[in-house]
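For reference, chains read A, B and C in written order, and residue numbers begin at 1 within each chain.
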Amino acid sequence: MRRTVLALGWLWLGLFLLAPLAIVVTIALSAAGEGMPPYVPPLQWSGGGLKIAVDPGPFQLVLTDPLYRHALAISLRIAFVATLGCLAIGYPMALAIARMPERRRNLLLLLVMLPFWTGFLMRINAWIGLLNDAGWIPRAIAALGLAAAPPRILYTDTAMYLGLVYAYLPFMVLPLYANLSRQDPVLREAASDLGAGPLRAFLTVTLPLSLPGVAAGCALVFIPSVGEYVIPELLGGPGAETIGRTLWSEFFDNRDWPTACALATVVLVLLLGVPALALRAARGRAA
Amino acid sequence: MGTLQGRALTALLRVEGLTVRYGAGTGAAVSGLDLTVAAGELFVLLGASGSGKTTLLRAVAGFVRPDAGRIVLDGADLSDVPPYRRPVNTMFQSYALFPHMTVAQNVAFGLRGMDRAARAARVASMLDLVSMAGFAARRPSQLSGGQQQRVALARSLAPNPRLLLLDEPLSALDRGLREQTREEIVALQRRVGTAFIVVTHDQQEALAMASRIGVMRDGRLAQVGTPAEVYERPASRFVAEFLGAANVLPARLLEASGQGTVTEVLGVPLRAAVPAPAEGVAVLAIRPERVRLLPAGAALEPNRLAGTLEGSTYEGDRLIHAVRLADGTAMRVSAPLSDGLQGARLPPGTGVVLELPPEACMVLAE
Amino acid sequence: MSGRGALLGWLLAGYAFLYAPIAFLVAFSFNDAKLVTAWAGFSWRWYGVLFADEALLRAAFLSLRIAVASATLATVVGTLCGVALARFGRFRGRGAFDAAVAAPLVLPEVITGLSLLLLFVAMDQAFGWPAGRGALTVTLAHASVSVAYVAVVVRARLAGMTPVLEEAAADLYAPPAEVFRRVTLPLLAPALASGWLLAFTLSLDDVVVASFTSGPGASTLPMVVFSMLRLGTTPELYALATLIVLAVAAILLLGLWLQRSNAAASGGQPIAGGAGRL
């Protein structure tokens, strides 16, 4: 029974996770070619012998061409700003919910999650309507006298950040709430008892104890934001050439599979490998 | 007693007419309670769970707002003072040590407005006081329960509060450690001289630690007095039964004077060396260890009742005899072992005579 | 206290931020104009346009089929993985298994989509199955992503559930498969339901993975909507969004009602309290 379950699990993961990633790395090491699929496999049987044709070109291109480095830098910057925005808005929300009477909390949390169920594209759609040049928000800004004319927001970084924060806010609030609601309220009482006012109690007790929740929330927002394709494409300007858009256009528009795969591999290593190593190093030091 | 009354003149804490309700429509957790605690006292609030003792403590600490009444410390009304401005510290039942801080950082938390050196010196001396000097750099999770308890004590004492509140300070400890820690807390309190209010549900703990005990019931104080007073002269049947085992017998008042009381129990006159309570007498109570077990042949004088031994339970240092009186009332007699006939095992069914010495009899309102 | 008030105000502002766009969608789906920038009177016309748009309706129907199939598949596989992680104790390769199950949670969508497409191309070349790209490949791709979510939900539920019940069943002579079928599975039911629903929603919501793994003639609803949005917005999509909001609200109310009647049936205890009562 145990063996069967584990074998099935590994079979599934091997087929739909490990094999695809192995194929990506393999193609990243191939030369581009004509036909379908448009690359030359690095290992081939030809005339009874194994022919090895590893092409380091795609990796060299991705690692040296300023275009890709630029895309990577933009993606990291966008993800960073979006994460910060979600944290700034989400932390007080999570804190407010965690401090509510227990019987209300589930409903309040449900209200945070609910927009997520109404469809991602639909909500982006609303923002397109609200933010376009003749839309309600630019007109309101002009009407309030904050700008001489309705400012251009749609297809700029502002709209993109707004969309990202809007889409990922629940993913920040959830882990933060989970952490904050689990904190023992007696610890805050103890701080207060020992002379700490509300602000100091927050800074010395609640905040430091919530850092694992902050880390989890930031990871849940940052990681998908780096690879985000749809929001920069629909709300951002043409300058927001993120990794997601670059990879998409290499693959679909340029039909350059090896470069797309090399780019994917580099992003994977950066996004997953580097934090994993850092975590291991940090743990090693702590032990 | 004389010294206590002398101390009561320098009242440190006065609770006047305190009422606390949790939410509208629910009964009061504390209702109209008055209490005075003197400087330097170790006052124990004893009560079952739900009796309101923790609520009273939290109101003094400032964590719950009173619905009525005042809390006055050193002559100043604390009612509108938030917990972080009250010169009162709490040692929490769960200790509430900050898990992300070291032992030294925990102890230093309440020390503000001190320079670095003074703070470090204070932390060191507090840790020394609780014999935790070598643990300053540890995290709470690296300490045993007993060690955490000491750190919590040091932390709450470090700001030198006027009054220290201890919420069930021993409940999280193993049985073996509890007695030793109890003595340490008492010794520490004598040394620092700070007034302590200790909340507990354990009457042994209360009797052993307290300079005075307040017995709580239904949000009110049922009795306040020294351990000997509440144990030997309980004000009510409730207090008598709450503070240890008691045999309670129905009694009829025959004669009452300043020197004593004579009641009739099961047709036998019983003299008690205490005045009768103001209200009508209902019961006579006596502690199992004060009842004397005599052989069946003993003369049936006043203060003696005949009965049949139903069985004996061995408890190591004593035997507990279950005796059935003629009318069916069950009595418990505790006899220390190594006491001749008293301690000897008798076969069940043996006839016995119980002697209830006048000085051990308590006459109580039902 | 003013700190509390400020916190509450912030929370309300947060909800306003989350719900204002949705309210805007619903309101302007009834607007009698091509633009959504000014109110021009009430009208059902965009609902008419929506129900006459055959391409959109076909895509919606396809998406529903894919979502049901992929959610069901993901629930089966995800449950197996979650049970293994929560109940099998230490086994060889556990760390790797754990990481592999959770990996899709942190993989960027573009990379998931790209890698799965390359897999399907390679499989097609090597075995001739699945032939070409279409509904089947999108279903498999969505299932492979959703397995991670279902496994997380199932594992969390099992971790909060004492193994004593399973041990009691084993003690009463139930072999492992029967323990799973008669004890574990019924207790897991709420987790399975929420896992399935999560997988269903993820599938209905996905643009990127579907765009990579789909083929000609098999455009899902989000793919069609995405290509429309690239050109701007149209009130027809507002009408669609309003219907989705209504459906979500209906499902939510049904869920709450079911939970309440369940709670009443089990003596006032919610299902989740079952294990806690031991």
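Here is the rule we use: a residue touches a chain if its C-beta (ideal position, glycine included) is under 8 Å from a C-beta of that chain, and two chains touch if they have at least 3 such contacts.
Computed from a predicted model, the values in this text were never measured in an experiment.
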Indicate which of the five shapes (line, ring, star, complete, other) describes how the chains touch one another.
line
Interface with the most contact pairs, given as the two chains involved
A-C
Report the inter-chain centroid distance for chain B and chain C in whole angstrom, where each centroid is the mean of the CA atoms.
58
The distance between the C-alpha centres of chain A and chain C, rounded to whole Å, is 18
Chain C-facing residues of chain A, complex:
1-2, 5-6, 8-10, 12-13, 15-21, 23-24, 27, 37, 89-90, 92-93, 95-97, 99, 108, 110-112, 114-130, 132, 134-136, 139, 166, 169, 198-199, 219, 223-224, 226-230, 233-234, 243-244, 247-248, 251, 257, 260-261, 264, 267-268, 271-272
Residue numbers of chain B touching chain A in their complex, please.
61-63, 82-85, 88-90, 92, 94, 96-100, 109-110, 112, 155-156, 159
Chain A residues touching chain B - in the complex, by the definition given at the top
184, 186-187, 189-197, 201, 204-205, 208-209
In the complex, the residues of chain C that touch chain A are 1, 3-4, 7-8, 10-11, 14-15, 17-19, 21-22, 24-25, 28, 35-37, 77, 80-81, 83-84, 88, 91, 93, 97, 100-101, 103-104, 106-111, 114-116, 118-119, 121-122, 125, 140, 143-144, 147, 176-177, 180, 201, 204-205, 207-208, 212, 222, 225-226, 229-230, 232-233, 237-238, 240-241, 244-245, 248, 252
